[in-house]
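The data blocks that follow each hold one structure.
The following pair of complexes shares a single chain, chain A, combined with chain B in the former and chain C in the latter.
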Partner chain A sequence: MSLSVDLITPEERRSASAINVKSLSRIGAIILPTLIIFAMGHLALKGMLTSSRLRVLESRWESAEPKQKQSLKLSKRLHYNMQTATELDAWKTSRIEWHQQLRAVMETAPTSIQATMLVIAANRNAAAPASPPTRKFTLNLEGKTSGERAMLFVESFKHRLETHPATTGIVEAVAVANYGADISTSAGEFDRVFRIECQYRKRPEETTQ
Partner chain B sequence: MKLPTDKAERTKILMIIGIAVIGVGYVAYSFGLSPLLAKQRATSARITELEDLLWRGKNDINMIPINLKQNCETLEQILDISEVKRQILRPSLGNYLLVASDIVESRADALNLKIDKINETIARKNMPRTGVTTNPNAPRFMPYAVNVSLACGLADLVQLVRALEEDNPYLCITRLGVIENTQTPESHAVSFDIQWPIWNAPTHSIQLAAEHLSDKEKL
Partner chain C sequence: MKSFKTIIDGLKRGPVDCVGIDFGTATTKLVRLRNAGTDVQLVAAEILPPSAGDLVIPPRVRAHYAGITTSRGHAITKLLTFPGAIDSAFQARLRKSLGLNDEDDSRISYRLITEGQGRVESRALAVSLDHATADPLLQHFSSGIPVPQSLEIASLSALTAFEYGPVANAHGQAIGLIDFGTTKTTLSFFYRGSLVLMRQFDFGTRSLFERVETALHVDTQTAQGILADSAFDVSELLGDIMNPVINQFVVSRDFIERRENCSDIKLLATGGVALSKAAMQEIEQALSVDIAVWNPLEGLTIAPQALAPEIEDQHWRLGAAIGAALAVLEAS
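So, the complex of A and B:
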C-alpha cells in the first residue's frame, strides 16, 4: 500500500514544462504585435512603391498616348486608301480587252461563213452600277453559211473560237445556240443561219476579290 | 496587473480580452487592411493595364514611319492614275461628256474614222455628290458611260477599241453591237458603250493630294 501526500494547493501548483500557457502568452504578446507592425510596414512600403511606379507609368502613357492616337489615325487612313486602290484595281481586272476577242473572232471565222451581227453585253444593270464592278459578259455572233456541210463549218468555227489563245481561260462556254434553215426570201436550199454564244467568266475572278 | 486567483473570474477576464482582441482585429481589417489591400489590387491592375497600353502604344508608334511610307506610296499610285494619267475620268467645267468625247474622237481621228454620235448613257441624277464620305465601305468610284455610234469595218473597229483599251486600262467596253450593212459590205453599223470610273466625290482627289503632301513632309 502506497500513500501520497499532496501539500500544495491547486493555486500554488506550477507546471514543470518550459512551454506553458503563461510563457506562450508572453512570447505571443511580444511576437504578434511585432509581426503585425512588420506586416503593416511591409504593406505600406509596397503600397508606396506601387504608387510611385503607377505615377511613372501614368506620366509615360500621358506622353505616348497622343503619338499612339496619331499612329492609329494614320493606320486608319492607310487602310482607307488601300481600299480605294483595291477598288480601283477591280475596275481594271473586271474588264475584258475586247480588241483581242474581236480579233479572235476575225481570225477564227472560216471564209465560208458570213457574220451578220455581233453583240457583246454585260449582264450587269447599267442603271444600278456598282463599284468595284463585277462583270460577266456574253458575246453573241449571228451569221449565215451555205452548203451541204454548213453544220460542219459552224462547228469548226465554234471549236476554233473556243480554242483560240485569246479566249482560253476567260471564256466559260462556247455553244451553237441556234442553227437552222435560212427562211429569208432570197435564201437557197442549203442556206443556213446560226448563232454562236460565248459566255465569259465572271470578272474579277472569285479568288481575286 | 495580476489576474484574479479565482478561476471563473480569470476565465471571464480572458474571454473579455479575447473578444476585445477579435473586435479590434476585425475593425483594423475592415477599415485599415482591407481598403489598403483593395487599393493595392486596383493599383496593380492599373499598372498591368498601363504596361499593356504602353507596349501596344510602342508598337503602334514604331509603325508610324512604315505606315507613312506605305500611305505615301498608295496615294502616289492613286494620284498618278487620277491626276497624272487622268485614267479616272475628270470633268472639264463639270462636264464629263466633253472629256469622254474628246478621248474617243481623238482616237478615231488618228484612225481616220468618223464618229456619228456620242451620248451619255447614265442619267444626270446618278452623277456624283460633292462631299467626300467618311464611310469606309462606301464606294469611292462610280461608272460614267457614253454610247458611241459609227460606221466602220470590223478591222477598223478592232483598231479603235485597241487604241482606247491600251490607252486606259480602267475603261471598259460594256456593250457592243455590230450589224452588217447589206448596202456597204465593208462598213457595218457599230454602236458601243464605254465606261470609265469617276470619283464618287469630285473633291476626293484634291483631298488625297493634300494628304499626300502632308505625309511627304513628315517622312
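So, the complex of A and C:
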C-alpha cells in the first residue's frame, strides 16, 4: 500500500486512452448531428431531384400522350390489316385452279362414261376464327355408264383421275363412293350409275401455316 | 446492466509506464518507471535545472501517465490519530486538524492508514497544498501527454518509495527514515509495515549550508565539500544548528519504542544532509545507532543507461519522483 495522498480532483484526472466516454461523447456530438444533417440534406436533395425529374417526365408525357394514343390506334389498325392480309393470303393460298381440275376430269373420263352431275363443295374451318382460314374441297362426280365392263370403266376413270398430274399432290383421296344399277325407268340391264368422290387436301397445308 | 462508462473503463488498461515528476524547490526530477510484471524497472531518470517557462520533458523519460509530486509551496502533512472509526465528522474537521483556516485556499486530502473500531485508534495521513502552488503545476499537463494521475507532496512520495524498498524488506521490524529536504526534514517510522509516526521539522539542507557559509565565509559549493568530506571540524557548528532537531529525533524514537513496544529500530537517512559525514556522526551519536544512507533505487531493476553519468551520484534526489511513479503504477 502506497502512502500516496492524492490532491488531484476527478475533473483534473484525464485518460491517456484514445477511448473514453468524454472523447466518444465529443466525437458523437460532432459526428451524429453531421450525419443527421447530411442524411436530411441528402433526402431533401433526392426529393428535389425526384420532383424535378417528375416534372420533366410529366411534361414529356403531356407531349407524348397524344402520340401514344395515335400510336395505339395505328397499332390496332395495323393488327387488323395484318389479320386481313393474312386472311386474304390464306384465301389466295387455299384457292385451287379449278379449270385444271375440270380439264383433268375431261381428260381422264373414258368415252363410255357420261357425267350427270359435278358438285364441288368447300368445307371452311370455323373452329378457330382467329387463325387463318383453311378450306377443304370435295369434288363429287356422278355419272352413268353401260356395258358388261361398266365397273372396269369406272375403276379406270378413278385410277386415271387419281394419277393425273393436275390432281397429284392436291387430291388426298379418290374413291368410288357409290356404284350401282341405274334404276331409272329408261335404264337398260347393263346401265349403271356411279359417284366418284375426290377429297382434296386441306388448304392451305397446316405445315405451311 | 453495466453502464456505458463501466464498459469503457473495463476496456482501459491501467498505466504500466509512468513518469514520476518531482517539482523541487531547486530542480525538477523525472523518473520513468515501467511495470514489468514481477518487478518495476527504472527506464530513465533526469534532473532538470529550474525553468520559468513550460516544462519540456526529455523524450527518454516521457510516458503516457505522470505522477506529480512537489516540495514547493505551503504544504502541510500530518499523521492524525483519533479514537474510533472514520466518520463524517472527521472529514468536517479535517481542515481544522491540519491547522487551516476557512479562508486558506488549499487542496485537502487524506489517506486512511489504519481504521479502528471502538477504542482502537484510527490513523489517517492528511495533507494540504495551497492552490497557488498546485494549480500552476497541473497547468503543465492540461493537454496532451503525459496525463497527470496524481498530485502529491514530495515528502510523502519519498515515503512511498521507502515503503517499496526498505520497509518491504524489513519483515515487520521497526524502521525509520530521516528525509532531509531543502527546507524541511521529515522523520518517519514504520512498524509491521505500517506508518506509525511522521513528523516534519523546519530544518533543511539550505539552513545547514547557509550556517556553514556564514560561519566559515565560504560559498555554497565549498560548504557542501566541507560537510561531505569533514575536512574541517564543524561538529560544534553542526551541534548548534542541529541539536534542536536531533533532540526531536531522539524523543520521537523513544516515543515509538514505548508506544509500539518495539526496540532496535533501524534508521536510514536521505537528502543532502545525509551525505555529510559530520552531520550524520552527530545524529548517530545522539541516537546511539548507525544510520545508513537510503538508496531510493533499492528494489528497482535498472535498465541499461537509465541513469545519465551526471546524475550517477545523485540517486538520493530521485526518491520522491520514484515514489510518485510507484503510486501511479500501484493504483493501476
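Everything that follows uses one rule, which is that the second predicted complex is superposed on the first by the 112 of 209 C-alpha atoms of A that agree within 3 Å, B and C clash if a C-alpha of one lies under 4 Å from a C-alpha of the other, contacts with A are read in each partner's own complex, and residues count from 1 in each chain.
One rule holds in what follows: contacts are C-beta pairs under 8 Å (C-beta built on N, C-alpha and C of every residue); 3 or more make two chains touch, one makes a residue touch a chain.
Bear in mind the structure is a predicted one, so any value in this text is a computation, not a measurement.
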Which of chain B and chain C A:E12 touches, first, second, both or neither: second
Which superposed partner A:R26 touches (first chain B, second chain C, both, neither): neither
Touched partner set for A:E58, first chain B, second chain C, both or neither: first
Touched partner set for A:S4, first chain B, second chain C, both or neither: second
Touched partner set for A:H42, first chain B, second chain C, both or neither: neither
Touch list for chain B against partner chain A, complex: 5, 33, 36-37, 39-40, 43-44, 46-47, 50-51, 53-54, 56-58, 60-61, 63-64, 67-68, 70-71, 74-75, 77-78, 81, 88, 121-122, 126, 136, 139-143, 145, 154-155, 157-159, 161-162, 165-166, 169-180, 192-193, 195, 197, 200, 208, 211
Chain A residues within the chain C interface of the complex: 1-9, 12-17, 19-21, 24
In the complex with chain A, residue positions of chain C that touch it: 4-5, 8, 11-13, 15, 64-65, 67-68, 107-111, 113, 125-127, 129, 134, 138, 145-153, 156-157, 159-160, 163-164, 195, 323-324, 326-327, 330-331
Interface residues, chain A side, partner chain B - complex: 11, 40, 43-44, 46-47, 50-51, 53-54, 57-58, 60-61, 64-65, 67-68, 70-72, 74-75, 77-85, 87-88, 91-92, 94-99, 102-103, 106, 114-122, 124, 126-127, 129-133, 135
